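Dropping a structure here in structure tokens format, bear with me for questions.
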Amino acid sequence: MTQPRPPVSQLSQSLRQRKRSAPPQWGDLAAALGLPALAVAAALLVGALVLLMLGANPLEAYAALIGGALGTSAGLIQSAVKATPLLLVALGIIIAFRANVINIGAEGQIIAGALAATWFALAFRAWPGPALVPATLLAGFAAGAAWGFVPGLLKARLGVNEILSTVMMNAIALQLMNLLLGGPMIDPAEVAAGTFIAQSERLPQHAWLPRLVPQTLLHAGAILAIVLAVGVYFFLWRTSAGYRLRAVGQSPEAARYAGIPVPAYQMLSLTLAGGFAGLAGVVEVLGVHHRLLEGITSGYGFSGIVAALFGKLHPLGAIPASFLFGSLLVGADKMQRAVQVPSALVGTLLGLVVLFVVGSDYVARRQAARRAAARAAEEGERG
Amino acid sequence: MAELFTLPVLLGIAFSGIRLATPYLYAALGETFAQRSGVLNLGVDGIMLMGAFSAFFVALNTGSLWLGLAAAAVVGLLMGLLMALVSITFKAEQGISGIGLYMFGLGLSSLLFRTTVGTVKTISGFQPVKLPLLGDLPILGDIFFRHSLLVYGAFLAVPLAWFILERTTWGLKIRAVGQQPAAADSLGVNVTAVRYACTGLGGVLAGIAGASLSIALTNLFQENLTSGQGFIAVALVYFGGWRPLGVLGGALLFSFVNAFQLWMQVLVPEMEADIAVMLPYLLTIAALAVAVNRTRQPAALAKPFERGEA
Amino acid sequence: MPTLTTASSPAPGLTPAPASAIARRVAIQRVAMRGIVKRFPGVLANAGVDFDVNAGEVHALLGENGAGKSTLMRQLYGLYPPDAGEILIDGQPHTFHSPADAIRAGIGMIHQHFMLVPTLTVAENVALGLRSSREPQMDLKVVAARLNTLAEAYGLKVDPGAYIWQLAVGEQQRVEILKALYRGASLIILDEPTAVLTPQEVDGLFATLRRMAGEGHALIFISHKLHEVLAISQRVTVLRDGHVVGERAAGSVGRQELAQLMVGREVKALPAQAVQTGGVRLALEGVRAQGDRGTEGLRGVSLAIHAGEVLGLAGVSGNGQRELAECLAGLRRVSAGRVLLGGRDVTHASPRERLLAGQAYIPEERMRDGAIKNFSVLENLFLHDHAAPNYARWGVLNTNAMRARAAALVQRFNVKTPGLETPLKNLSGGNIQKLILARELSRQPRVLIAAQPTRGVDIGATEYIHQQLLAQRAAGTAILLISEDLDEILALSDRIAVIYEGAIMAVLPRGQATPAALGLLMAGVHGHEAG
Amino acid sequence: GGATATTSPSGPFRVAVVMPSATTDMAYSQSMFQAMKAVQAEMGGESALEFAWSEGMFNVPDAAAAMRDYATQGYDLVIAHGSQYGASVQEVAPDFPDTSFAWGTNVDTFGMPNVFAYTAAAEEGGYVNGVMAAMLTQSKIIGITGPVEVGDAKTYIDGFRNGVAATDPSITINATWTGSFSDVALMTEAANTHIAAGADILTGSSQSVVGSIGAAKDKGGVLWFGTQADQATLAPELVVASQVYDWVGVVKDMIAKHQAGTLGGEVFTLRLSNDGLKIAYGTGYSLPADVRSAAEAAIAGIKDGSIKPLP
């Protein structure tokens, strides 16, 4: 436990190899880091063909993609803005995954968090910022957690599979938002103007998350997310609760014999997952939109799952992974503008990237195994 | 409320419910095969979208609905095999590769639509076919036996799927591979082949599910036509306890409640529409919660098979 | 090294011929493995192994855990390709790409971990992968019929319609053998087939094996139990660290010599020193509980175990041992009766409460219930105590303290492992068992429940584990030893209880407990009935 | 930090549009996209008017990034074609004082000198459609379908209800909302439900047109009234009339204002009176003369203010 080893993590595995047998196995490291990059490249190559078919110049397009995301400070900042909710969602996904629970419900949990945050910040707008902002964050976390707790409870007590319940809870959350934005929470100004746009009243300035870079959307939520990532890492590998949660995920049977209440920890994992997704909703409201509006989730509930995978389901890995995935989204938009291709191309590319990367992970694992075998053989001969 | 339970209303509900259930049935039955063999495919929605587009595109340009259906099946197969390649051969984390497939299908179907069709067009899809005799039954005839062939197909697929899974040697292999791949492998059953076949079949059915939307039920294609129905379909597989009959029950429950809530909006105006719309989702969860649910999922579900382990 | 094979020149094209024909001939070589080399990450599992079997003989394969027995056999069955060496079937070199090839060549394998699909019926398990007479439909009736005739012929009674999960271990093994016979296997590999069987079942199995050998089947028999090996086989080959260290004729070799070949040192018998027992530590009063197969698994079990004694629980598998163990672990609801732990009523206590009350537990399914295979050795050592004051404060783990303790335990219970961070799955079963033992015993339990503590474990490790159990007894722990291995029961127990169909037949002091007497009780025959 | 826009009087006028949905959505985004094409053609093509677009920007931060990006590239007019973009416009506009920003549909310019706002009085066309519908229905039952009752979907419906009531109070209007913008299958069943409930006329927000028309086709004898774009193409024989948003006028006004040095501060509203809203009568459906004249009367009344489309 002093050296956490997510089973999935090729990276940390290769690191462990190094710990055991000097000289360091740089090959494994390279494989762990290089292959995903290679996979992305391969996916973009396929994308290049699509671009050609669309009559766009792939070079120009990808120049725009990379430049737009990483070439300018605006791009970098924009990537960080997107990375923030991605990271928060990913953290929740990771916790659930570690307990062997698949959480497809992040979309609904984001909405729950955003709804609660908006309601709370407006209801208690009289409070001073230093009190209002943290309280709102908590409210949103609680709402998201509740949205994850329900499937958790259903799974623990009634054996209702979480994939089914989380999918349904997503739809319910969406309708709940429609309901509230259609009347109870709609911006009075919209009613007055007779435009009836489905968005809440704008939050008072003192309820906003402070800006990190003035005149950009980069807000304190980014720092919060990174701190929480470290916290989740600590929780999973340095606390007894985290240990039990992972034990439940690895072997429910053994966990039961060890006196660990398995259902309780499955429930906990989904509740925490919901809470983190809820936080993603909060920071989007307090940091970016400053109000609740349709499409608040921007699909982060799904892309967060991908970010979690890119981070090898490790909380710390999820930090760079979320940023990379965020910049991919930003760069893709820039590309769309630069060569004026349909935005659907962006989704297509992302899908390809995901498929190639998940695929490459296995190749990496196998290469490492082969190297290990080779080493073993030598030792075997010697021994 | 009372007027909700008059005969014409109930007939209307049944009629709409049966239509709504069709795509769910195809997709969920396909996913049942995949999951029974141990593959969790969350990308069903993406496959449905590709199927829906291909069917629409081919039908639009050739004028042949059957060619369109065939195209949907073939494209669905390819998408299914792509999923198989990533999850079986490359042993990817299935919960995630499925999401990737979904993104890919959603993006590509929209992209192709934009570049080849451009704007929303309608076609005349599969027309209702009155079944001889049955179609003339007083009331039942109108509800049950005046649908398009794709609707009948979905309901015929249920007993067929049951027969294959429970009564044939293929089904035996599928069940064994999903439950205890090592055992099947030790008897010379090709685990990989069985899983590829089931994931491929799941793709074909998902493709047809999409086609049933675009060339039988709505007769058009637009971006994200399925609006997440593929995910509901996956949920219904769990609801049905991996049994075709259970899936049928789930699909009918969900669809009938959906049809019911539409009528409720019409007949009970004071009822908030947004609440009515929640009903199918709420009731599906509730139904599963109260039903004593003993069925266990296939033991090897979402677990890649590695010879010589454990 | 000496070989008994007279006709090493093969009779070409001789696949399963009429039994009589083969039975009379001497030693026709069915299979020969030459210079087999197999590597795994970090392990040279087979280092140039030569091995052969003749028609009509039982050839035993001996060796400690991790010696390379299963690996060798898995290659013969086409599960892994050898890195080097060749396999000759009836003199013809074969390369197997999958079990399908091996099956076609008339090879069958009874795996150490049964290869059955619990959710399918016996007939379905047998039919799996075979062509049906009415493809694509199944022909289970036909299968069942053939199955019954086979069962008759070899005395392997099973109900073709029963689901595997409903069967006792012994019955499941019969299904495994029937699967091989049904496919017309003429060479059958049995990897630790007796590890899970009771004396009666072993006798039954041996009768079957002799019959099969008599008909000219070639049999490979793997076991850690020397007396069984000597009883059933004609030839014995011993593996150590992937090398053949000897081949002997079963007639001309003793246990001691074999043991020495395997372990590489003298293996001494157990010192059975008397310990005086204290008060009752664990008491069961008329405990009843549901069984897995709907029927009542425990029908009023009453037992009392004293400090410093080993109470052995003997019985044929599936007579309530597992239910009893689970009730004591707090994983199965007790429907009636009481369980007292050190006088305290724990009938409905959670597993955790029992742990804290000083109860330790060695589960039967060690890989499933006793350890987590993707957790490190260190993590596995702390399944119970990760939250104990010394190792966690305010829920935060004290990893240094944990390392220290883990290192000490690995050392003291000499668990062979590359390091504390090694995933448990890379350890041999024997070492995994030692690790579990280390975890449970190091907690100075007041009560220890040990279920099949040495199943599938080699004699070296067995010897060690037995010593540890006795040491614990000497330290005053009350031990409930649940075992289907009579030798083990007799070797360790102060008193022996026999369980039959969920009820205790009798409790005998070690003095009065003869294998014969126990055998009758295990079969449900009361002492007086026997006369 | 904001870059200073570089408008070269010689070169073409440069406009960028950021849209939430696809340029082919048969509705909101498409209406603006086509208007831009029209304006471009009128002004003399690429050389006179350069026009870039970003569609599918349902994610507001992406939209904000796009606006900032276009402004940085020196576009003269950046149109944020989505009411959810308000906050972003507020953020970006101050950094680019030489660039005009337009935000719709809404009526708030935030009091900024370089922000225009534009909206559509959808209730006007709704009222006119309502008048015609009330005269054409035989069953005296009308069905309304749509995803969610908000925005101009709501204002259109309010106007429609009012128009019907003003013409024939005895008519029943049933409404269903499916809660999803893309679930056409459900919208189709919603239409089926209305028809089964006796409706012989359907209308509703643009997203529901395709489903409704599909159902109407199957049944026959059921008519449709459209809004936002001319929907006759989908089923000429069934579409009685559509209220069409025509942004051409607004866009041209804003361009003119910009070139004249007024970078913002004004609100434009599409109305029947300024020809921003038009009633396009179905091409394949022969409208009875009396209904037609009643519609024209309603249009005139709304134009001169004698008729209030909303109660």
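In order of appearance the chains are A, B, C and D, and numbering begins at 1 in each one.
Assume contacts are C-beta pairs under 8 Å (C-beta built on N, C-alpha and C of every residue); 3 or more make two chains touch, one makes a residue touch a chain.
The structure displayed is predicted, hence computed values, not measured ones.
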item: Chain pair with more C-beta contacts, A-D versus A-B; value: A-B
item: Chain located farthest away, centre of subunit A as origin (C-alpha); value: C
item: Centroid spacing, where centroids are CA-atom means, of subunit C and subunit D in whole angstrom; value: 76
item: CA centroid of subunit A to CA centroid of subunit B, Å; value: 28
item: Subunit A and subunit D, separation of their C-alpha mean positions in angstrom; value: 36
item: Cα-centroid distance, subunit B relative to subunit C, in whole angstrom; value: 45
item: Sites on subunit C at which at least two other chains make contact; value: 373
item: Junction residues of subunit B - those touching two or more other chains; value: 110, 114, 223, 274, 277
item: Subunit D, residues touching no fewer than two other chains; value: 22, 148-149, 179
item: Chains touching one another, given as label pairs in label order; value: A-B, A-C, A-D, B-C, B-D
item: Subunit D contact footprint on subunit A (complex, rising order); value: 68, 74, 78, 81-82, 174-175, 178, 181-182, 186, 189, 193-199, 202, 215, 217, 288-291, 293-295, 298-299, 329-330, 333-334, 336-337, 340, 342-344
item: Touching residues on subunit A, where the partner in the complex is subunit B; value: 8, 50, 53-54, 97, 102, 104, 154, 158-161, 163-165, 167-172, 175-176, 178-179, 182, 302, 305-306, 308-309, 313, 342, 344-355, 358-363
item: Subunit D-touching residues of subunit B, taken from the complex the two chains share; value: 8, 11-12, 15-16, 19-20, 23, 110, 114, 118-122, 124, 128, 213, 217-220, 222-227, 229, 258-259, 262-263, 265-267, 269, 273-274, 277
item: Subunit D residues touching subunit B - in the complex, by the definition given at the top; value: 22, 24-26, 30, 143, 148-149, 174-186, 188-190, 192-194, 196-197, 210-211, 213-214, 217-218, 234-235
item: Of all residues in subunit C, those that touch subunit A in their complex; value: 39-44, 47, 329-331, 350-355, 361, 363, 365, 368-376, 378-379, 382-384, 386-387, 392, 395-397, 399-400, 402-403, 418-419, 421, 423
